[in-house]
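Shown below is the structure under consideration.
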Amino acid sequence: MSNDMNKTNDVMLDIKNLVVEFKTEDETVQAINGIDLKINKGKTHGLVGETGAGKTTTALSILNLVPFPAEKPTAGTIELDGVHLYKTNEKGECVPALTEKDYQSIRGEKVAMIFQDPMTALNPIFTVGDQIAESVRLHQNVDQAKAMERAREMLELVGIPAKRADDYPHQFSGGMKQRVVIAMALACNPSLLIADEPTTALDVTIQAQVLEMMRGLRDKFGTSVLMITHDLGIIAEMCDEVSVMYAGRIVEYGNLEDIFDNTRHPYTQGLFNSLPNIEDRKAELKPIRGLMPNPADLPKGCAFCPRCDYAMEICKTVRPERKWLSETHCVECHLYDDGKDVSKL
Amino acid sequence: MNAANTRKIPKKKSQAYEIWRRFKKNKTAMAALIVLSLIILSTLCADFIWDYQKDACSINIKNRLQHPSWEHPLGTDELGRDMLCRLVYGARASLTVGILGTSFALLVGGTLGAIGGYYGGKLDNLIMRCTDVLLAIPGLLLCIAIMSAFKSNVFYISLSLGISYISKFTRIVRSSILSVRDQEYVEAARAIGASDFSIITKHVLMNCMAPIFVQYALAIGSRILSVSTLSYIGMGIQAPTPDWGNMLSGARAFIRGNTYLVMGPGVALLLTISSFNLIGDGLRDAMDPRLKK
Amino acid sequence: MANETKRDILLDVQHLKKYFNVAGGQLHAVDDVSFTLERGKTLGIVGESGCGKSTTGRAILRLIEPTSGSVYFEGQDISKLSKEEMRKLRKEIQIIFQDPFSSLNPRQTVSQTIEEPLKIHGMKNKAERQARVRELMETVGLAERLANAYPHELDGGRRQRIGIARALAMNPKFIVCDEPVSALDVSIQAQILNLMKDIQRKHGITYIFITHDLSVVNHFSDDIAVMYLGRMVEKAPAEALFEEPLHPYTKALLSAIPVPNIHSKKERILLKGEVTSPINPPKACRFASRCEYATDKCRCEEPELIEVKPDHFVACHLLKKE
Amino acid sequence: MIPVVIAVIFLVYGIMHMTPGDPVAVMLGADATPELIQETREALGITDPFLVQFANYVKNLFTGHFGTSWYTGRDVSERLFAAIPYTIKLSLLAMLVALVLSIPMGVLAAVKHNSLGDYTISIFAMIGVSAPTFWVGTMLMLLCSLGWGILPSAYDGTWKSYVLPTITQGFNMLASVTRTQRSSMLEVLSADYIRTARAKGVSNFSATYKHALRNAIIPSITVAGLNFGTLIGGAVAIETVFAIPGVGRLMIDSIKLHDTPTVIGCMVFVSVMVSVINLLVDLLYALIDPRIKAQYLKGGKK
């Protein structure tokens, strides 16, 4: 496409040291506390964590749509396909690297997003065809008729008859609405697709259909995907790499084998032990004790320390550094400070 | 385990306390509350300063139309009475009928709405059709019609003000009951075997109070507005009893050159009514759980 | 038959129906559901949204009056009880709700909420009541300092513990759990599930566990019933159901669960076709429109729930009793 | 709508029936003979039972007769129809002005949330919902007519004499619709579908004016419809302040003259007008919101 072609740049998304804080009168909520995240082209990266871990805020930061009262990251840089979205200025503050107009042309064209709740994600007063066509017209130089044609094509692609393009959102079921949202997101062939809990609001059989469809489209178009979910099952099925997020930090990162077979961080282990095992119904659940820390009042050291069974003195006071265990696998935990072999935890 | 441990159970912080805490942060609403308190306080203290019959009602032609001065801070009216004194007593009349009328509307409309909302069915349908009819007649005109059929005294004025507001309360109470009725905690109360009476009072009504409270504050403002209009066109509180509406009406012929005649009662009305509105708005914001985040 | 007598049946539901009048006809939310439940066991009811699982739970407790059918609790038909008799029986049968946010009265403190059933069912002495509240709070793992807290000050997991304490207050024999962990995060979900299991072990409570989450129901239940659009399509012991699902819908449902294991590569059955409307449904198998094996018979005749194998019931024309 | 209107007439008729005073004495003066009084009474039909009177009244309404005025002795419609154009013109004009100004103001306040403009508009709207119309009218008159002398203080048939009454009468609706529009706009702007629109690259401007505005306008229409009653009720005071020979003024005059049939006629007219406006509001909903349109179509099929 451009001169950059020669650069052997196969990184789609590169987030470095991202921090997002929501400041209100009473408190400062630390939604994201310095995360690094890299997605290679054509790969699907899973971001897993519980409510309030900062998954959605991460996604919105990429789109420069972080809601009030933060509105932009406090620190860090984000690079999308070689283009800086945020950079750090001389004072070390994070500043937008592009104009609002540039962000608009990136949204929907290069990065598209699917939201969690399909029931509220579509504008009730426009037909679904119009809403998909709008996306096309915003980014491609075509007339309304062409755009509508493309919208019908997209609907067929996600398994909705093209003639339903003139229907309004309220005439669709939840699963169908989510298909419409996906059609809208993919209408301009984005290079990165952010899917924020795309199937959480759907029934199991519908979820299976939607995931299958997403997988098919991803493979067809070679789209990179950031898959945000709380469901490790979906991660196992859809992703190439996984980041586990806890209280605004990525506590463990690796490929599927690293995370599922060589689980290292006590929190990740806790997540697995909390899940009922469908193959062994007699297996005892070993939940993580306690609760998520208040994001406005995080512990000084490791945020997971108060709930961790292996917590040591150092965990209370010093935040653990990222520790690479192999080329693909890293973890933020003091247990691995001295390169100890603690695989038998 | 450790029985010697002194048990510390924090005191309960009720929702009312939480609402008050958030209400206090709202500067305009607090200002309105203070203004309103001052107005009410002044009407309560009025009798210590003035003689109602002599200062507020009896005519003193010698003194008529005097512009504001030290002796008469707001001047005197066309019949020579002190404007400040009449303004303060006027507040008493307006507030009395405003509060009485609103309370009447709440009592009748609230009961109807609660019955319709909780039991539903045909009864509910009938009640809703009746409110449709009442809503089709502009409130003020309904007041006027009622007032033309009855004597102008505090009771009938309050009654007419109330009747014209019944349908609004019926709708608000009904819709808030409907929204609470299907909450799971009401079902939970039924599941533990609570009686109908206890479910309605403890679980349903208690949780409907917030929007009703807000509406009550707003309604008083609106009722005072209506009574002043009624008095202005001569169908509300009758002279010589002072009321902001009939003071403005009496001043009509003399406003040229005597602007102060319309400033006092007008500003008093504006302050009082907007205070009620601001308090209502403040309460609504304080009770809105979305604001917590 | 001889086997039947040995069983200690706590709950026997026969031909339970609940129809709602809606615009356009009658919505068959629960259509002719029958099952029995042994004392101390857990029956899991699974199904997708709109299959009537919650309505079934509420109709058994008469929180919704069933359209027809009988519910025998310890041999007594509770669908025939008067309002007052039913009110008294409520201390024996309880419910835990899905949404820990809307199932607690926001104006009652933790202790008031737990105390209410004690008051209603005649525990007159205040000190006695308070002792019982403390005991219950300890049972469900709520710190004593939370006694005067309001629900809005607590997180979902703790609120759900309050709901459980309230249900346990009168030592019920039977609890309907309506999606008790669906609104919770995984780590909290596991805490609550373990708590509920402990309570069952200690007090010998019988559960009906309603959920859409198949891995949870598998972990938690002895028997599992699968519902589809108001009908019970399959009922079997948990192992049997997961090892050898017989109904085409159950098969599709089980294959759709994403498994958190990268080595289990299983075949997925994807359903096609439109979901039949539950409003005035035709006399046919309700799954026929999405079923790949559907025959003409399926489209004009409703299958009965029959015992295909011992304790394994299926409602499908394709299956015969062995 | 028709049953509601008939019920409204019944209610008004019932209330007015309780009005004290003998119309015949008013009409004939003190020196009428008892026979003449009796005769007139029968001619007026006020000796019949209440329900018969009511039925006759409704029957006559359909032929355009509003009964005989006790003051003029002629049909009520004569004076009523002469007054109606003034009131319709004024009320519709006031409503139009109110809507045209309030929607942009509400949107502006919401888009520039917590700015100086937002505060100004909010204060202005608070005054609008709190100030009595007749006082606002008086103040405007003091300022514009008596003070600057740029506009006439009383109705004289020119367009200029419509300016002050229109502003006065529309002020309350202007304020309440502004408040509604502001809060509904704030709510819609934080809706999920606005985020979806932004995420697909829709500009701020288009997200606000294309996606949000049409959704946010729905509550404003409701409020405008509900407030129309207040607006037209205000006519009573405004027509007095500005000496406009409209229905409100006719009604007040007739009350003072104990001319009950005319009062009833005025009330019936106003109620019908309110009902018509509410019907229009319902139709407008369907135009904007496809969900409501679908409901109508479904209902129509039955």
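First chain written, first letter: the chains are A, B, C and D, and each begins at residue 1.
Please note the rule applied: a residue touches a chain if its C-beta (ideal position, glycine included) is under 8 Å from a C-beta of that chain, and two chains touch if they have at least 3 such contacts.
A quick note: this is a predicted structure, and the numbers were derived from the prediction, not measured.
Peer 1: Report which interface contains more C-beta contacts, comparing A-D against B-D.
Peer 2: Most C-beta pairs in contact, of the two: B-D.
Peer 1: As a quick test, compute the distance in whole Å between the mean CA positions of chain A and chain B.
Peer 2: Computed value for the inter-centroid distance: 51 Å.
Peer 1: Which whole number of Å gives the spacing of the CA centres of chain C and chain D?
Peer 2: Each chain's C-alpha centroid was found; their separation is 55 Å.
Peer 1: How many Å are there between the centre of chain B and the centre of chain D, using C-alpha atoms for each centre?
Peer 2: Roughly 23 Å separates the two chain centres.
Peer 1: Connecting every touching chain pair, does the picture come out as line, ring, star, complete or other?
Peer 2: Contact pattern: a closed ring, each chain touching exactly two others.
Peer 1: Quick one: which chain pairs are touching?
Peer 2: A-C, A-D, B-C, B-D
Peer 1: Within their complex, state which residues of chain C touch chain B.
Peer 2: By the definition above, chain C touches chain B via 58, 61, 63, 87-88, 90-91, 94-95, 97-99, 102-107, 109, 116-117, 120-121, 144-145, 147-150, 152-153, 163, 166, 169-170.
Peer 1: Please name which positions on chain B make contact with chain C in the complex.
Peer 2: Those in contact with chain C are residues 7-15, 183-185, 187-195, 198, 202-203, 206-207, 289.
Peer 1: Under the stated contact criterion, what part of chain A meets chain D in this complex?
Peer 2: Touch residues, chain A against chain D: 63, 65, 67, 100-101, 104-109, 112-113, 115, 117, 120-126, 134-135, 138-139, 168, 170-171, 181, 184-185.
Peer 1: Chain B touches which residues of chain D in the complex?
Peer 2: Listed in rising order, the residues are 4-5, 7-8, 11-12, 15-16, 18-20, 126-127, 129-135, 138-139, 142, 146, 226, 229-230, 232-234, 236-237, 240, 251-252, 255-256, 263, 267, 270-271, 274-275, 278.
Peer 1: Where on chain A is chain C touching in the complex?
Peer 2: 50-51, 173, 203-209, 211-212, 230-237, 256-257, 260-261, 270-279, 281, 283, 285-289, 291-292
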